[in-house]
Amino acid sequence: MQHSGYFNQFGGAFIPEILVPTFNQLEAAYLQAKDDPQFWQDYETLMSTYSCRATPITFAQNLTEHFGGAQIYIKREDLNHTGAHKANNVMGQGLITRRMGKRRVIAETGAGQHGVATATMAAKFGFDCTIYMGAVDVARQRPNVFWMEQMGAEVIAVEDGSATLKDAINEAFRDWVTNMDDTHYVLGTACGPYPFPEMVCWLQSIIGKEARQQMLERVGKLPERVYACVGGGSNAMGIFSGFLDDKEVELVGVEAGGRGRGMGHHAARLAYDDAKIGVAQGYKTYFLQNGDGQMQDTHSVSAGLDYVGVSPILADLHERGAARFEAATDDEVVEAMRLTVRKEGLIPALESSHAFVQAFKEAPSMASTDVILINQSGRADKDIFTVADAIDDPKWKQFIINKAEEYRRADNSIDNTGDDHA
Amino acid sequence: MLTTASTTLETTMPSPAEQLRETLRARREQKELLLMTHIVLGYPNFDDSLCVVESMVKDGVDLMELQIPFSEPMADGPVILRANAQALAAGATTEQCMRFAERVSAEFDIPFLFMTYYNILFATGVEQFVRTMAEVGIQGAIIPDLPPEEGGEYLSAMKTQGLAPVHIFTPSSSPERLRELAQHSDGLVYCVARKGVTGKDTAFSSDLDAYLARCRESTDLPLALGFGVKSKEDMDFLRGRVDIAVVGSETIRVMEQRGVGAVSAFIEGLNAR
Amino acid sequence: MQHSGYFNQFGGAFIPEILVPTFNQLEAAYLQAKDDPQFWQDYETLMSTYSCRATPITFAQNLTEHFGGAQIYIKREDLNHTGAHKANNVMGQGLITRRMGKRRVIAETGAGQHGVATATMAAKFGFDCTIYMGAVDVARQRPNVFWMEQMGAEVIAVEDGSATLKDAINEAFRDWVTNMDDTHYVLGTACGPYPFPEMVCWLQSIIGKEARQQMLERVGKLPERVYACVGGGSNAMGIFSGFLDDKEVELVGVEAGGRGRGMGHHAARLAYDDAKIGVAQGYKTYFLQNGDGQMQDTHSVSAGLDYVGVSPILADLHERGAARFEAATDDEVVEAMRLTVRKEGLIPALESSHAFVQAFKEAPSMASTDVILINQSGRADKDIFTVADAIDDPKWKQFIINKAEEYRRADNSIDNTGDDHA
Amino acid sequence: MLTTASTTLETTMPSPAEQLRETLRARREQKELLLMTHIVLGYPNFDDSLCVVESMVKDGVDLMELQIPFSEPMADGPVILRANAQALAAGATTEQCMRFAERVSAEFDIPFLFMTYYNILFATGVEQFVRTMAEVGIQGAIIPDLPPEEGGEYLSAMKTQGLAPVHIFTPSSSPERLRELAQHSDGLVYCVARKGVTGKDTAFSSDLDAYLARCRESTDLPLALGFGVKSKEDMDFLRGRVDIAVVGSETIRVMEQRGVGAVSAFIEGLNAR
């Protein structure tokens, strides 16, 4: 590869030797695309005709009044086709895949958002598609699996390890080392070996580019602070990248605080101090690992933030003090989501709601002339099962129980205790 | 932690890498195709690991890869993957693996290599890890997720300790890449027979010849071929084509399906002429 | 009222006397808004900052190639906030409600889309909100009910009549005649007494305005035919209204053919000949009724098209031959939806899929220089329960059964046979 | 279908509307507050409907609204709404309602009005429907979803047949509107006591006086007041304020809760002084 892919001490490309030519090819395609103004133009056209870019920024007047401090603006990535910022990255990689002449894509998915986005892109581009998803996630995210299958994707439930996101990533790599000739691995976040973190950030930078311009046009100034949730880091880097050169804008990344501090209870790699630097899944960053370097279980109410590593680019921003990192606990997140739904009619994904938590904590003590911008990375209506469980809605449970009864009556052959891992 | 052993090497003593080269050279004079086997340390437990080493040495295995388990064995297929996970679930630690290595390299007269992922070295501290490797009598290492570009610290530590870094040749590697890998390798190089991960079938055929010729051209080191070797037929095919055959997943499969005791017969079968 | 609200013989305002002042007020507010350029500007600003208007048109290249005839373009109302064109009407009526100084809104809903949109608008505008929904629909559309409740709306399950959409409308009127002083009834489609049909069409005309301009810009010509599904008629009128003056553009409305011809099997008021002209729910149009004028049960796989009446404006277009009406059967609809998902990665609502059916029937026999435009009025991912049932997906059923088991184990107090009508 | 009756009226005979006015005038001379009741035809069946009419007439009811059931009774509250639905579910048709009307107006010497929604007329054909009304001896009609603006055909048919179109006054109607409604009405006007639908409670208080004064100013026709009248106390309150009290939902409630036989006692209680 031409570049090492390091951001100071983070990043790199720790890849099996068999993938070296594949990564060379990918880097070349990426650098070429980046150098080619036509690519970005094609990308913008695709996103503005297939999804609805530019996504708007919405002034949250009710929340602003509620908190009585800074003016709260929201970047609406939830309005993207398939319901999250994931579409940006995926469509961009679709264009790159086509440039490389490949006709099959694979991807990992945790919450299912990236899987749905990739399956959608594959349908649109006419690629074959296989999605790796932890068996635990398959079981809890059936709606997403349903749509992926409808799109024609094969969804493979990964039973190994903790049967969640990181294991799906490993499994996707295993597929890739076998099928790299015709297959592109559409990594879903700003992690993994170079050039993925940089490439994904570049594609997601469309968020920040738009947002910066929109703030200037709509509000007449840049925001004092920008908030984004941090799973792998792609939506955060997407919006941050619009403001990296604006020293007066404070960038705040919000990680999954889960049940609070203590290994195993959260997925906060930067905000808490349970993580340390390591190398896994092809790159060097902060990982939640034990002294031997074994990755540890993580926890979050939001499947999309429940990941052991974090973008090396964010790790570098953290190290350099160029961004601040906080964590929001599960309870805070559900509360912030409910408040946002009720006050603004917006339904932020549980992932996105992490960013709202921190903004809500800080807005009241800011001046009313201050402006903050929250990245609403996705919408929660796809995650209704998770949200209904988080809220513990008895009517929902009754509905599901009645529905199950209906299915059981209609077909006695369906097992009523079995596991539905594919 | 570990007993004995100085960290500087007497210039007069051959380094572990030199010992490894010499051992392989000597054995190759006796035997046209050497056999390298692979086990996951601590799977299903360290006692069984020890029994397997013992029996393999007795059955004429020429050298062994000892895999220190890792939670994210990205380059391994399902069999080794699960062995890693179960070893960890049973509580295997790097420290225990080091003690195990120390014991087997003291007890058995064949070369032992470590196989593991980079984070295991990184977590301990690369230099310290490599120093300990040397101290416990390990002669080289295979780190499948550490290409030479990322391996600066590792390579210099290995050099300092006189250990053999073993790199991996693949069918998709260009001639230049093979030379580069060879330059950074010592003891032997590990040629993977095909794309993919460990533990899947490989169709051994003369299709391999061009690839192996490219490997030969790139290095004077002995060539070990792995990924999918699992029968006497495979061994017969490889004899004359490479120096070392590597049997990995199949041993674990035999052990899982027929018990530790069956490993011996399996190895004997492979080595039979 | 200043106007009679007739479109030739259709329309009018057959309202209880008590509502006469309310309708006068509403007509005045509507006419004032229509005359005030600032209103439309506010409306466009709201829709472009809170939803993502202009919604794009997407070229369906794969479907075009698949059918080998006309070029297929799709107007993407599914990208609207809350997932359907319903948002347009609702946000517009929100502005009008505010102008009238009212602080409570009520609405009927069938599929739940309009209820969710109204609850969302109410949250945003700070209105109190009550949603009337047939008990049958409450039971089958729990996800929508869940979100309405999260938005702070009260959802009332209407047990009367057929416990579906038309009964919810009746019930909303009953609320209105009691609470008209502070309450606006946000009717969800281009039906009901004047000025509703005209006002809703006007607000929805934003679709057609955009679409016409987009076709000229993107394709360089107007489409030969425009397809839209017809429930009450709001999305159809929304897109049609952009092309009413373009005599060369054929307008095709597609109704719910259900299980095919024969009273009770469908909801096709114009395409089949089971309906006749009548007066109900405050207006005159074609209704599916018996000889005595009693409304009859209807059937459609899509709750949003399952309605006895139809917009008087469409009835007039039909009568004048200015639009053509067809019907798509349930089976055709599910098939068209699946094909669209697989080929384009788009998930048209079952309602919208009716329009796709007819377009797919006609595209193959058109010239490759011909262009057709389909209005994708909404997305189906909210309707996953309905879609999964329509597709009869065994994995989905197993998932629901497992989920029910989980709930039951966690809480033995939940009834396992009971009805969940609120 | 229906027997006898010519479609032209002898100019010498008083029209049904005239008869209605005359009946009400005469009864008002005897009684300060007349009682109009309401039933849904065919609920729970036509036999019961007949029993109820019979008993009501016997108990001194002065005139009756006969509601032809409709599937979308938008202006009715839950009690009447369900009665409509159940009558239809039991198979009630417009034709049966006409025959029923024909029988009761022949048998009982009080005025009968139809109450129904416009689509019932529209489906039959407005002119034909009104003609049949006249033929079966109905003297007027209340169509709550037909404001005079929409009622051109209806009003002229009613005029042709000499029937009384009864319009509805409401507390929110402006004085101009009341006059307009009065102009198009005959026989009586129906004042609703409050906003809302039938069958909910009304708090009868002197708050009503200003409204009733407005009603009085707008017309010379007798005023009937309905919506929520259900007790002797309500009747006492209305006496002197309006000409006719209308009891609707409460009768149905009594019938549902205590049986057809209880209606008589209920009516007697209302009429008691």
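Chains: A, B, C and D, in written order; residue numbering restarts at 1 for each.
In this text, a contact is a pair of C-beta atoms (placed from the backbone, for glycine too) under 8 Å apart; a residue touches a chain by one contact, two chains touch by 3 or more.
From a predicted model like this one, the values you see are computed outputs, not experimental measurements.
Taking the mean of C-alpha positions as each chain's centre, the chain lying farthest from the centre of subunit C is B.
Inter-chain centre distance (subunit B to subunit D, centres taken as mean C-alpha positions): 99 Å.
Work out the mean CA point of subunit B and of subunit C, and you get 66 Å between them. The centroid of the Cα atoms in subunit C and the matching centroid in subunit D are 38 Å apart. If each chain is drawn as a node and touching chains are joined, the picture is a simple open line.
Applying the touch definition to every pair of chains gives A-B, A-C, C-D. Of all residues in subunit D, those touching subunit C in their complex are 70-78, 81-82, 85, 88, 93-95, 117-120, 122-124, 144-147, 149-150, 167-174, 177, 181, 192, 195-197, 200. The residues of subunit C lying in touch with subunit D in their complex are 1, 4, 12-18, 20-22, 160-161, 166, 170, 173-174, 177-180, 277-282, 284, 287, 289, 291-295.
Contacts from subunit A toward subunit C in the complex involve residues 48-52, 55-59, 62, 76, 79, 81, 83, 119-124, 126, 139, 142-143, 145-147, 149-152, 218, 338, 341-347, 381-382, 384-385, 388, 391, 393-405, 407-408, 411, 414-420, 422.
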